[in-house]
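Residue numbering begins at 1 within each chain, and the chains themselves are lettered A, B, C and D in the order written.
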Amino acid sequence: MNKGFNSFGVIGGDKRQLYCARALSDDGYMVSLGGFDSVKEMRNIEVTTPFEAALMSEIIILPLPSLGSDGKIPAPFSKGNIELTPDLLTAMKGKRVFCGFADKLRKAVPAPGAEIFDYYEREEFAVANAVVTAEGAISLAMINFEGTINGSKCLVLGYGRIGKALTDMLTSLGARLTVSARKPQDLAWIRSKGATAVKFSKLYELESFDIIFNTVPAPVLDSLLLAKLASKALVIDLASGKGGVDFYSAERMGIDTIHALSLPGKCAPKTAGEIVKNTIYHILEEEYR
Amino acid sequence: MNKGFNSFGVIGGDKRQLYCARALSDDGYMVSLGGFDSVKEMRNIEVTTPFEAALMSEIIILPLPSLGSDGKIPAPFSKGNIELTPDLLTAMKGKRVFCGFADKLRKAVPAPGAEIFDYYEREEFAVANAVVTAEGAISLAMINFEGTINGSKCLVLGYGRIGKALTDMLTSLGARLTVSARKPQDLAWIRSKGATAVKFSKLYELESFDIIFNTVPAPVLDSLLLAKLASKALVIDLASGKGGVDFYSAERMGIDTIHALSLPGKCAPKTAGEIVKNTIYHILEEEYR
Amino acid sequence: MNKGFNSFGVIGGDKRQLYCARALSDDGYMVSLGGFDSVKEMRNIEVTTPFEAALMSEIIILPLPSLGSDGKIPAPFSKGNIELTPDLLTAMKGKRVFCGFADKLRKAVPAPGAEIFDYYEREEFAVANAVVTAEGAISLAMINFEGTINGSKCLVLGYGRIGKALTDMLTSLGARLTVSARKPQDLAWIRSKGATAVKFSKLYELESFDIIFNTVPAPVLDSLLLAKLASKALVIDLASGKGGVDFYSAERMGIDTIHALSLPGKCAPKTAGEIVKNTIYHILEEEYR
Amino acid sequence: MNKGFNSFGVIGGDKRQLYCARALSDDGYMVSLGGFDSVKEMRNIEVTTPFEAALMSEIIILPLPSLGSDGKIPAPFSKGNIELTPDLLTAMKGKRVFCGFADKLRKAVPAPGAEIFDYYEREEFAVANAVVTAEGAISLAMINFEGTINGSKCLVLGYGRIGKALTDMLTSLGARLTVSARKPQDLAWIRSKGATAVKFSKLYELESFDIIFNTVPAPVLDSLLLAKLASKALVIDLASGKGGVDFYSAERMGIDTIHALSLPGKCAPKTAGEIVKNTIYHILEEEYR
């Protein structure tokens, strides 16, 4: 990848950032780590303060999201989150800063004097994380469902990125799979995978499932559909925000539900950190082509 | 599907249209077939003239394309193609006419007095046919390559609909697969399938393959890349128009090439005809929702 | 299945037996449950004492294993294990008794006056449980490995039933898979799946992996191979008895190991219980053919 | 592989033998080709007479079968088959001779003075060829069935090596697959693949299929089952000898049948030749371990 850059400062964030730092170092770059007080040392990596990590590096990597609701860089491995002090901002001057949700950062620091890039808004980042999310969802199903995926009746709601990845994994594990989507072309893809394709409007015609994965961020599984499809099911909701399940009704009906958010960081921080690294590499490559 | 329609007239076209008629009849509709002089009879189907088929039917299905370069409806199963006579146009009045490349028809008959629908421009039609095309391409490879797909080094150029379908089928048949694409998100999907993902700009770094499938309608495989990747390969070009292979250079180099066009109608007319039928059903359903 | 039998007594055992009882009842049979003091009631199932459950039933199902080292039927859901009292033996007279490890039972009750069948020694039982074990092993890997299976370097040692099931699941999840076996025909199967096949004798030539699954009940992963293949790996040992891993050396080297035994009952008791039921059905069918 | 051998003589046979010679030469060995009069030259390979090819080589490879019904080595690429002349036998003295159906050779030449090995009786040879046969059968289905495998209703009779390979390939191509077997453990494997498993004795309960693959060398598809399952199907019989289909009844019923024998040599001679080579390598490795 090398385009004349040699040094990366990884500042704040969770295990993903640690694995991102690890992967950068394994690729031969100089890496400084800031905002990880509880990490004492890491092979070939300079564990230091956010200020020094920024000062020593040409490229700075902030976590996803770059700023929390307190306006600070999240730092769960330190006693407190990291403030954007004038010193830290000075150390970032003239450098390339990569982060998730760049808008928050840009709003907080209107004239940062640094070039800010957002890895989170790259579609490749979303695709790679969808695969991680799908695998995380499947591991949740394996742990919480008392049978196997193999042979079980599964339903996936939505055929976006996560729905696509789930469809491939579940069919290949031998689930009896139904996938629900809206667009006719998605239904055609689903059928081609050997799964049963069902329009959302026809969901009420189906019978009960063993495991239901929702990926649609809209109230899809209301109390009526829950009663029809989920009376004996484990329901895993992967939709962001409020999710797509009427959790109140589900609880009343005794249906097991899991609202699983941010699976990549939780289930597979190593892969998630490598995805951050790869996305940053690709952005740099495109910059310097 | 039934929305009050009961009768379909299938007029002109090749085996696909015959299978479309068959599938409609098996669903319980009244079907008339026009423009198939060499077909003497078909179970439960009225084999007749184009005019009568149009007259007897509420819905009329024309082939893909609807009109040939001679301005007539292609009818390879008859002595000649079908003219749009005033009689035939009168018989079509007030009816629903489904065809591929509706623009040609609209241009030829500016005021047809019929509602014209184009099944070819529906994305679901393209998706379903991409799966058929991919399977047809694989059968061509099986016939023309002297080894098996299983264990062979395959390259797919392009990750559109056909490239996606090919990727899934080839990996699952045990090919050692490399797929080339342009967009970073496509490369991420390709990697998630267990295939090797390569940017187009890095193709020249690869070594020779056993089978190469091109899906890109642009001059991708020029003489340089042919020499590098294809010296011992079978090259199957699925791109429409002139294709994406420098066929002249390939011939000079002794490379086997196949420019495979219109595979669905040739390799799997039954499935291709059922896709026409299903797409028409979906259009009608949306109309009458 | 019905061959004139109507009543099953499920006596002792863990969750598997509960799910077996559930599945029998859902098929329409009369089911009595004995030895589950902590279970208060179950829909359509008579929860009672082992003696009554035996008395009321034509067919009696004991757990796997049928007898513990204390000579009693294991009953983890009761205060104590179940003694083979003269009363209980009398109630079992003239009936069909299905159990795992029938030899133990036959030894303890030389003349039981009942026909004893062993579902555990049926190969179909082993096959179905191998699939469950493989899925359980994959869930352990998903939970304990900080990356995803997708894209990770995995090694499976052994190509028996569990190795076969693991190979299919791991390749289809997108792992970069190597499988080691002894027999040339197994190596041929492995290659046909798109995985890398390696003889045991050539393992020392490989480099380090992310996840290693051992299925061979012999000391395969000694300290030398651990150092070579597993320095950064998660090692999951599925081999019964002492397993196939030098756990002492692994601990000294800081390698994460899991010796995972009896996965079906732990990970997927519902499927495991249904497998018991299906195997019993098949034995009965063969008896009465 | 090298164990001190440097020279191979490939004598008689079809395209498989040619590809075997090609693969040996590409591995760096000296290769002489005998009994291929219509082949004028091959890069790096000595094209000569059977006698000279035998004389110049340490290892001699005869085709499958080694001897035809005329007692000669089959040589379809020459004007006549190759006689085992005293000269040829003398040239083979003290050498290693690999062939298929060694018994025929041993019977014809009771004291050959050569060590005779049979690659055909190795199970790895059978496994690798089963995969080639399965792929060949699928290509036959793709060519002769007017629809796609994807989405079609397929039936595989028998779950031996070819049945196993077919099951994996057909499910992954998106067929709706039923597999029939006798042993309960095979039925358990079939279910785990996501296919429908059916005992042979229950076949008469099924409805009609699109494509039926028979692998059982016994009269399985009699006129009754043909009428029940195959009235609209393409039937591909892969069983050796007389096959397993009542071809007479099938023809009377207008059912399309293909009795496909020796597919590896016909469909994929390159892979089939490489399998011969690999099997010989493995035999030599075991000899000199």
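Throughout what follows, a contact is a pair of C-beta atoms (placed from the backbone, for glycine too) under 8 Å apart; a residue touches a chain by one contact, two chains touch by 3 or more.
Model, not experiment: these values are computed from the prediction.
Colleague: Which chain lies the greatest distance away from chain C when centres are computed from Cα atoms alone?
Modeller: B
Colleague: With contacts counted as defined, which of the two, B-D or A-B, has more C-beta pairs across the interface?
Modeller: B-D
Colleague: Between chain A and chain B, what is the gap in Å from one C-alpha centre to the other?
Modeller: 38
Colleague: Can you work out the whole-Å distance between the CA centroids of chain B and chain C?
Modeller: About 49 Å separates the centre of chain B from that of chain C.
Colleague: If a residue has to touch 2 or more other chains to count, which residues of chain C qualify?
Modeller: 131, 150-151, 174, 191-193
Colleague: In their complex, what parts of chain B are in touch with chain D?
Modeller: The contact residues of chain B facing chain D are 15, 19, 131-132, 135-136, 138-139, 142-143, 145-152, 169, 172-174, 267-271, 274.
Colleague: Once bound in the complex, which stretches of chain C touch chain D?
Modeller: 122-124, 126-128, 131, 165, 168, 183-185, 187-189, 191-193, 279, 282
Colleague: Report the residues of chain C in contact with chain B in the complex, numbered from low to high.
Modeller: By the definition above, chain C touches chain B via 150-151, 171, 174-176, 191-194.
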